[in-house]
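Multiple structures follow.
Common to both upcoming complexes is subunit A, partnered first by subunit B, then by subunit C.
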Partner chain A sequence: MRMDKSYSQSFEITGNNFVDAGKAATEVKMILKQIGINSDIIRRVAIASYEAEMNVVMYAKRASMNIEISQEKIKIVVADEGPGIQNIELAMKEGYSTATTEMREMGFGAGMGLPNIKRNADHLKIESEVGKGTKVEFVIELIKHRAESIEQ
Partner chain B sequence: MQDDFRSIKIEKEKCQGRMACLRVCPTQAIRVRHKKATILKDRCIDCGECVRACPNKAILPQTSSFSDFSKFKYTVAIPSPDLYYQFGKDVLPSTILAGLKKIGFNDAHDVACPSEAVSIALQELLDSNDLPRPLISPFCPAIVRLLQVRYPNLLDNLVPIESPMEIAAREAKREKMEELGLKENEIGAIYLTPCPAKTVAIKNPPRKKHSFIDGAIPISEIYPTLLQALTHITPESEHEKQVRGIGLGWPIVGGQASSLKREDCLAIAGINDVIRIFEEIENGKLKDIRYIECHTCPTACVGGSLNVENPYIARGKVLRLLEKYGSKPCQPREKIRELYQKKYFSLPGKIPASPAEPLDDDIQVAINKMKKKQEVYNLLPKIDCGACGAPTCMTFAEDVVKGNAAADDCVFVAIKKFESISSDLLETILKHSRKVRHNENLS
Partner chain C sequence: MTLNEISKFLSCEVFCGEDELNMEIEFGCASDLMSDVLAFSRSGALLLTGLVNTQTIHTAFIAEINAIVFVRRKIPDKDIVALAREKHIPLLGTPYSLYEASGILYKTGLISTMECISAINENG
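Right after this comes the complex of A and B.
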């Protein structure tokens, strides 16, 4: 059997639970800090995973967030049970949002969620089925980053 | 000065390992091993919570005492404005400054007025657009240290402006050099401090620049002598000379933020609330906030562990004094603006990150240790009893994988191990006794 060289952990996210919103992203950060991941990478992961978590809190019933860390990359998969996204291309546009007035008054729903994930991740994949749910998967490369910082 | 200078020290002889410190430390920097507490320097942020909590008074702030300053020709006391609020409500700042001269300092220099100047400098700074959002106040040294240890990403959000105590000391020295023809190193500027954290800002400033302050004495230490001296001082009748301005409000929660006269400022006090806010900022939130005043102590500086007066009573005195003298500025605003333009308040240089040690320097090894840590954690009772000497089961699991503790230092793990050993033993004994009986029957 091949020795698994990555670390993974899952977190449950509950829809409409605004009190605990952000907890999964905070836990993810704590893990990365202990592993000694570069703080610039942590900032990117924090923003992307927070946005992904908030999407679940605002729109879905529940989701699991799975993080997998290896020497090469950090991969985060958020799979939810929820309404799904009608038009992914439109949802990726900055400023586009289906948030309610209440959500906007709370400071959410600026239409920056998915675009912010895209901006901070190296790869982003979204699969969605209307009425069933959405799977957001993004990767932040570690090796590429290390090479870049050596070049500088 | 040593890089790892921390503001608190544990006196081993006095420590009885009673774990009060272990439970209050907000950064899990304390371990109790062999009945003695130790501080993990890479995690300590100098907040002083343990100093307050220790039932044996075994944790002491690393401050100076009066005799340390005999080498100076001339001494100036730089009292934190908290000192103004430690005495009866009718004792005014000018009387307290006079009292300091009576107990042995050659002079005393007010810090409330420089605080007002810093407020005005901040107003100017916040109007410029090229700085990160939200900006974080740099005046509580334990907050700066918390950022270095846990939120290095947010170090750029710290306001690059000098603290009022440094400005006061710089001014006091300049004045005395001119007035008395002394050299800088002949004048000792001594800060009267409300907390241990300020001593780190003096002895080991995070930006590695020279401090104009030569040492710090706890307010609680000079309090008895000063109290006595105050009874012999006739209060000054002329109110023209009274200490005044918005700087008087700096020691309480919201004192800085409200002096900025903007709606987009927040004031946060108490380390756990500050941590919660920092997590949010790290997640990319609070971009519409311009400035956050942050304090480690829940009642801000009047609640510092080296003060004497109850922080809520002190707060009442601050509000009273602010009402009376707060609206009259102590310096013309134009003069401060001019100084600001000349970079009188700026603090050049970056504050280095100093993250708490990861599980390992090699990422793959750290990942493996993280897995191992989770395995160890699963064996633990998750009740954070502290009996192992670590504050939580999670920190204990971390200590085990780092090689600083053994899994059976946990009593629950040890009991399980003992149970399995003893049941093995019992089985062996029974087997042998059956064999013996069997043999006896045969013979």
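Right after this comes the complex of A and C.
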């Protein structure tokens, strides 16, 4: 796949569908591999996307995940219809969670989702309206990392 | 250490990936929390876990875990094995508990992905 211009794709994620959970992030990973993005970056984008996808599956009704890849950056926007986040600052704390037993049985809901997205992204923006939904937007810079790998 | 050596140390049963047992494993991690695996594992690690479901396989694929060992004689169902095969992730099972299996591999010198001990030493 050539990367002369930007590339974008959208995925639908359905809430409470634990069987398909992880498919969008898997697709994202395959796309980045096909384009030939650096493997460390792929891992970071995949982990952040997967956490964002699991948040939708666990808490929201549905969401769209949009990935936009340009020469400079990879931007992912996950906009859901769901309960929204009451307190974003609290939700960003490692270990804070409102998860149910079912979510925990899947190995998630340990209060690491948003912190894990933040850890892997260069920029993270969360907008949420209680009773309506949440928009999580994160960016991973490509130029910065290219410069760093040249320095090494 | 190869996956085959790990399989012998832990008296493993192989559920899939029989052809890939000669792969090198550099690091080990053990957790039932997939978010912790995503946060703290490294590319190329072995995952020891008691969590047997499709999310274990998705997590391994996303986090670039090379192989999974299920502990305490837990057996993955055919959907889980099929997904692992598709993702080329060998699945093994050991009769040991998570604590015992981790201890056995740690004693043989398999490095942890988290390296908390070296962090403690560095900080005095």
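Here is the rule we use: the second predicted complex is superposed on the first by the 148 of 152 C-alpha atoms of A that agree within 3 Å, B and C clash if a C-alpha of one lies under 4 Å from a C-alpha of the other, contacts with A are read in each partner's own complex, and residues count from 1 in each chain.
Convention: contacts are C-beta pairs under 8 Å (C-beta built on N, C-alpha and C of every residue); 3 or more make two chains touch, one makes a residue touch a chain.
Quick caveat: nothing in here was measured; it's all calculated off a predicted structure.
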| item | value |
| --- | --- |
| Fit or clash between subunit C and subunit B when superposed on subunit A | clash |
| Which of subunit B and subunit C A:39 touches, first, second, both or neither | both |
| Contacts of A:114 with subunit B and subunit C, given as first, second, both or neither | neither |
| Touched partner set for A:22, first subunit B, second subunit C, both or neither | both |
| Which superposed partner A:70 touches (first subunit B, second subunit C, both, neither) | first |
| First, second, both or neither for A:9, with subunit B first and subunit C second | first |
| First, second, both or neither for A:47, with subunit B first and subunit C second | both |
| Subunit B versus subunit C as contact partner of A:142, first or second or both or neither | first |
| Colliding region between subunit C and subunit B, picked from 24-32, 186-194, 258-266 or 348-356 after the shared-chain fit | 258-266 |
| Touching both subunit C and subunit B, counted on subunit A across the two superposed complexes | 22, 25-26, 29, 39, 43, 46-47, 50-51, 107, 116 |
| Residues on subunit A engaged by subunit C in the complex (per definition of touch) | 18-19, 21-22, 25-26, 29, 39, 43, 46-47, 50-51, 105-108, 110-113, 115-116, 119 |
| In the complex with subunit B, residue positions of subunit A that touch it | 5-7, 9, 22, 25-26, 29, 31, 33-37, 39-40, 42-43, 46-47, 50-51, 69-71, 107, 116, 142 |
| Footprint of subunit A on subunit B - complex, ascending | 150, 152-153, 279-280, 282-285, 288, 353, 355-356, 358-361, 363-364, 366-368, 370-371, 374, 398 |
| For the subunit C and subunit A complex, residues of the former touching the latter | 32-39, 43, 51, 53-56, 58-59, 61-64 |
